[in-house]
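Quick one: the structure is below, and I'll ask about it shortly.
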Amino acid sequence: MPLPSVWLQELTWEEVSDYLKTETIILFPVGSTEQHGPAGPLGLDSYAAISIAEDAAKQADVLVTPPMWFGDSPHHLDFPGTISLRTETLVAVTRDLIHSLARNGFRKFVIINGHKGTNLAALTTACRNVHQYELPEVLLALVDPLFLAKGIAGIKESVEHHAGELEISHLWYKYPHLLRSGKLPQTAVDLEPVLSPFVHKDLFGGGKDSIEIFWNSKEQRGFAPTGSFSDSSKASVEKGRRYHDYMVNNLVNFIRWLRTYQGPVGGR
Amino acid sequence: MPLPSVWLQELTWEEVSDYLKTETIILFPVGSTEQHGPAGPLGLDSYAAISIAEDAAKQADVLVTPPMWFGDSPHHLDFPGTISLRTETLVAVTRDLIHSLARNGFRKFVIINGHKGTNLAALTTACRNVHQYELPEVLLALVDPLFLAKGIAGIKESVEHHAGELEISHLWYKYPHLLRSGKLPQTAVDLEPVLSPFVHKDLFGGGKDSIEIFWNSKEQRGFAPTGSFSDSSKASVEKGRRYHDYMVNNLVNFIRWLRTYQGPVGGR
Amino acid sequence: MPLPSVWLQELTWEEVSDYLKTETIILFPVGSTEQHGPAGPLGLDSYAAISIAEDAAKQADVLVTPPMWFGDSPHHLDFPGTISLRTETLVAVTRDLIHSLARNGFRKFVIINGHKGTNLAALTTACRNVHQYELPEVLLALVDPLFLAKGIAGIKESVEHHAGELEISHLWYKYPHLLRSGKLPQTAVDLEPVLSPFVHKDLFGGGKDSIEIFWNSKEQRGFAPTGSFSDSSKASVEKGRRYHDYMVNNLVNFIRWLRTYQGPVGGR
Amino acid sequence: MPLPSVWLQELTWEEVSDYLKTETIILFPVGSTEQHGPAGPLGLDSYAAISIAEDAAKQADVLVTPPMWFGDSPHHLDFPGTISLRTETLVAVTRDLIHSLARNGFRKFVIINGHKGTNLAALTTACRNVHQYELPEVLLALVDPLFLAKGIAGIKESVEHHAGELEISHLWYKYPHLLRSGKLPQTAVDLEPVLSPFVHKDLFGGGKDSIEIFWNSKEQRGFAPTGSFSDSSKASVEKGRRYHDYMVNNLVNFIRWLRTYQGPVGGR
Amino acid sequence: MPLPSVWLQELTWEEVSDYLKTETIILFPVGSTEQHGPAGPLGLDSYAAISIAEDAAKQADVLVTPPMWFGDSPHHLDFPGTISLRTETLVAVTRDLIHSLARNGFRKFVIINGHKGTNLAALTTACRNVHQYELPEVLLALVDPLFLAKGIAGIKESVEHHAGELEISHLWYKYPHLLRSGKLPQTAVDLEPVLSPFVHKDLFGGGKDSIEIFWNSKEQRGFAPTGSFSDSSKASVEKGRRYHDYMVNNLVNFIRWLRTYQGPVGGR
Amino acid sequence: MPLPSVWLQELTWEEVSDYLKTETIILFPVGSTEQHGPAGPLGLDSYAAISIAEDAAKQADVLVTPPMWFGDSPHHLDFPGTISLRTETLVAVTRDLIHSLARNGFRKFVIINGHKGTNLAALTTACRNVHQYELPEVLLALVDPLFLAKGIAGIKESVEHHAGELEISHLWYKYPHLLRSGKLPQTAVDLEPVLSPFVHKDLFGGGKDSIEIFWNSKEQRGFAPTGSFSDSSKASVEKGRRYHDYMVNNLVNFIRWLRTYQGPVGGR
């Protein structure tokens, strides 16, 4: 791709117009601005989405929209600096972005959620309803590290929940100056008394029977006063590199597959 | 419990008032009215939620609200008889129900989703935001067969997606007169060409890397013309019994635990 | 009709598809879950809608959707067990249901309101706006006992307001096990000092000049502490039978007329 | 009342402040801008609300807000000049007005609907919900000619529906220069074939069993091409005078009663 | 124009239908009901819009809709008598009015805002979005004294902010009986300490660097206890006449130009 | 300030907590992603907001939130790459951000709008209503180059409208690699035939009487096919430097003033 950048905001509309002559894929990185414990910066989830999107875009020669720095983070609101959109606001931002770009020819959107899990209610709602009720001709894919990185999660040595070993490693690898590595928590919150024996302890984990109990930001401040749920002392730049590259590689493969994809019923 | 019924709608307000003197738990069964292939009735998901809720309530001596028969089922809308609420409508119904009952003393809600997965965006949105922004003193738990029945899913012999072996077995066990058992599909839709190599094929499955592609009802009618995605020929009353009892047992254990639960930060 | 049930939720989509080849009428029963005094169960209005709809459907060979158990009942919210939707939520549920079923060919909806009067603001709003702005080709009819049963109301011997003689009789006839017949109130609330000399005292009554004053649930608990407004001691199974049969008969006649109806401007 | 006007818009805020020292009642006239056949002006309903409100206010010494000229009139939209608000818009206007005036001490609102019947869904929704959920201390009354004038309706000689004998007489009496009296329709639309044998033919009428069928503006233009549904040839200034005075008299009596009213539970 | 009135509400639909045969322009006056200090009536902004619209309409032979008496006036809400719509409510009213009239052929709307500045967020939102997303064929123009009267503002002798010299003069000229001319404030509020050295002091003023600080009604009552921000002692009937005539003249010229205007891209 | 960054996203929540011990000001840069002609990148407005906010924050030692890259840009939607939020979406994002940060102690928000003018309807709506109805204790200021840079606008040599001399110069100074300086338009669109003789031609201009006509994206593509409205051939790095520094200087002075500001009624 001869375009001077993969980032839409750095291009002129004429350059985007040229891109659309041969390609209709675009990536949309969505993060959050929420506390990530004593060691992680507030933008951690956004940096995750940005770095995955940017590296995949460069390898696969596709465009990326400017990032959405704000996500759905209500349970972190009692920690200063957290910015949480209402679920319906994030639905609206996503919907408006898709409509805007679809108008001139983008047809395949890959939404990269850096805020593992919690943004999914909003992003799923936006994608499902836009595709069903508004723009059936537009194809929408939703990517989340929890599902994209299943195959690599085994490299971690601890239970991964909020501000866990893998996401801290990821930041360390890509944005080392933003990690306060001297402050990595060495213990995890015991979630069973907090959220029942049916709690889903490891976000990357599987098989156990679980029931979700909802908690709010005041409660979270109570049971996780440092902000972190996890022992991230086993985090490392090398784990971050493997985790990042694995996700980027999966995403690049998906984008290449998507290039010729004609939708769920193909050319039928 | 000396109450004449576990169903709220069969009681007078004075009887409910008595119940609230010693207990504040209530179950809310949410289903759907959506096609379930040539053999399953449109109400299958609602019957699942109703039967799990009713049997658990009887064993654990708690109340159940009237069922919500309509869920979030957009991708089934091209099959006659399907009724789908907009996501925001289901959020609103759930929110209004919680507010109504919380007003007079119900404090612990267990939402039983019979419509595996797809209702979760709406139900999660409702629960998370009500607990964070509106009624922090009300505890909300969300139950879904996909997570409640992980430990029993191994009894099935086929890949389980929409109208799959386990949910068909469940209906067969509890509502045998509603199954057209002579019409059980014997083949499954191959979802890889439809939704990419990153498709999540088995709803009860785990570990594989996945990316979600959204499809709409017109496309679904195209790639799954019978309405079923799954081979349910291995369904049986016995599997339905084991699946049902396993979920009810888990749920009863959870309700008993919930009885003395004082929230994520307990009495602290 | 060779269909195995009049209830949509008990049919498969293929059976509904067959039905639509020769008929496009469907009934939608809407009730409430609200207190009905010391003798009536919380689901009374829903049972009214369900029983009228089911019996009319069987006689007229048409389908019925699953019932909506929740209505617009704000003034009952101070009585435990009452569940009230916001007006706009009930509008949305009704609108979504009509859109869903219209998509595959239902063209004539008969909404059966069991919650006399109070649901009408929401149901009227939904019907009027869907028919004007969204689906002009879909015909919508709204049925309410207050208007359907004018001609039989004379059989009652007392002033009928909330939890009155006729609606209690109706429940008694159709669901005798759900009435606490030993607890029927023998006195009525005097509404003149509560709601002005211009109050409309008898819901089935006519001619008097009236002005509506709105009251809320806290006030209602104050002026009607048992929950009932009415003396229902004259209620009887026989009156319930006559009331029910009269309404079902009217409804069946209407449905038969509707079968060949081509809309307000007919074939013009 | 020493105030220079009953109309709020003609007073300064200091004069209103003085008024609030001894009185908290205010009237809110709501009309419509919708076609009223070949003889009636588009503002007819608004003029009805304005004239009733103004004359009652002068007799009872209370204030009136500026009028709301736009109502909920979707079925008239195919006649040029009709302006219809969405139902939710009229709810919002009413809600905002009540909140604004309640903030500084108005406690008793009498809403005068000049647009018989059709505005009631919106106005009822606003009043019921504001009083239940938002401002329980504010008392709300809703007045409509259909209910306020039951006792005088017998003076008319024809069936009264849209643009009928009484409302035309009313305009003629109060705003004679706005009636095109030479164009009064002499025939009525036969509504039975249009809206079923269960149609409610006379808006002031009672007793007959009825079911509502909704029609839209395109259909109305078809079945009532002049815009009028009614034979208004029997209209007269004298009938208008009697109809107007009867309503004003009722309203004045109500306002006087309201002055000492302390709400549904009084001083209890 | 042979029509009996420029006011839509005084015409029948058939007369409007005739008008539409040769003209598609209509004016929509939007005001407010908000305090205007000790001398000005609450309706001042509405009277401004009404008088400009009516006089321009008469000179240019175009129609005017009924006025909207309520605007977006939150910062005046602590002064009795003020009625403020939520911004989204005013957007909705404007949108609904445009849709209604566009349906039968009005194509050019001139919105006359009498409430200088503050209504513009709502009116701009309505116009911009209706023209972009809903009715691109409808042309919308927005008129505000702050921009329409730039060339005449030099006649005033004092700084003009809320209830300032020019708007008071305007009322005095057109509605002399509504001004309490003996109560005109002789001093202005010094806004620099209230709203920073970057405050925009004179609403008709230009060139100075400014930053907007938002204030609410409680604060306004604090820093401007009479309700007026301005010294209006220099107001006069003659200035009102010149100000009014200047605006009407501009507006008439604009309407005449609009008559042959074919939109931003003309006949291209 | 000993904080490692002025950007919130680069800090941990504990660092933000420290900041709040002595300061409660935060800047929020809001831009757009919209076409800026053949020479300007799509992110131009966002870069303007980001650079002004960052430089002022560094000089005044205050924090900046992550930028909002998407604004209200409907009229640019026919140019590929433009992303426009609905007005209400931008209102919601702004409102949610303020609520989130106010929760833990931020009290003074300075919103930096880089998208001259067009975002103001949304940002004004958010600020005015949050301060009036939701968070009266939070002070909100709104900065826009059109008003902040009045005193320096005289340096430009051409009429400034979309993609004009000053905003192009600004980008050139701060982000020289993002300007396609070889493609600067040398002619401007003549807006009089497009938007009437009452058009407001120069966004920085003043005094002329004007009336706003709304145009949409399709029309804009027609009358301004390159996307630019302006002759920006006189743009230069030096003008950009002066324009930028002037705004930053004003903003720093404002922030220093704001530091001790106690609201419109001060400590009274």
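For reference, chains read A, B, C, D, E and F in written order, and residue numbers begin at 1 within each chain.
The rule is simple: a residue touches a chain if its C-beta (ideal position, glycine included) is under 8 Å from a C-beta of that chain, and two chains touch if they have at least 3 such contacts.
Source: prediction; values computed, not measured.
Asker: With a step meaning a move to a chain it touches, how many steps does the shortest path from subunit A to subunit C take?
Answerer: 2
Asker: Please flag the chain sitting at the greatest distance from subunit A, going by CA centroids.
Answerer: D
Asker: Averaged over CA atoms, how far is the centre of subunit E from the centre of subunit F? Could you give it in whole Å?
Answerer: 27
Asker: If you average the CA atoms of subunit C and of subunit F, how many Å lie between those two points?
Answerer: Computed from C-alpha means, the inter-chain centre distance equals 55 Å.
Asker: Give the residues of subunit C touching no fewer than two other chains, as numbers and ranges.
Answerer: Those would be 77, 86, 88.
Asker: Can you tell me, using the touch rule above, whether these chains form a line, ring, star, complete graph or other shape?
Answerer: ring
Asker: Enumerate the contact residues on subunit B facing subunit C in the complex.
Answerer: The contact residues of subunit B facing subunit C are 7-14, 16-17, 20, 33, 35-43, 46-47, 65-70, 77-86, 88-89, 92-93, 96-97, 100-101, 103-105, 178, 180, 183, 227.
Asker: For the complex, give me every residue of subunit B touching subunit A.
Answerer: These residues of subunit B touch subunit A: 74-75, 77, 86-88, 120-122, 124-125, 127-129, 131-133, 136, 139-143, 147-151, 193-198, 200, 206-220, 222-223, 250, 254, 257-258, 261, 263-266, 268.
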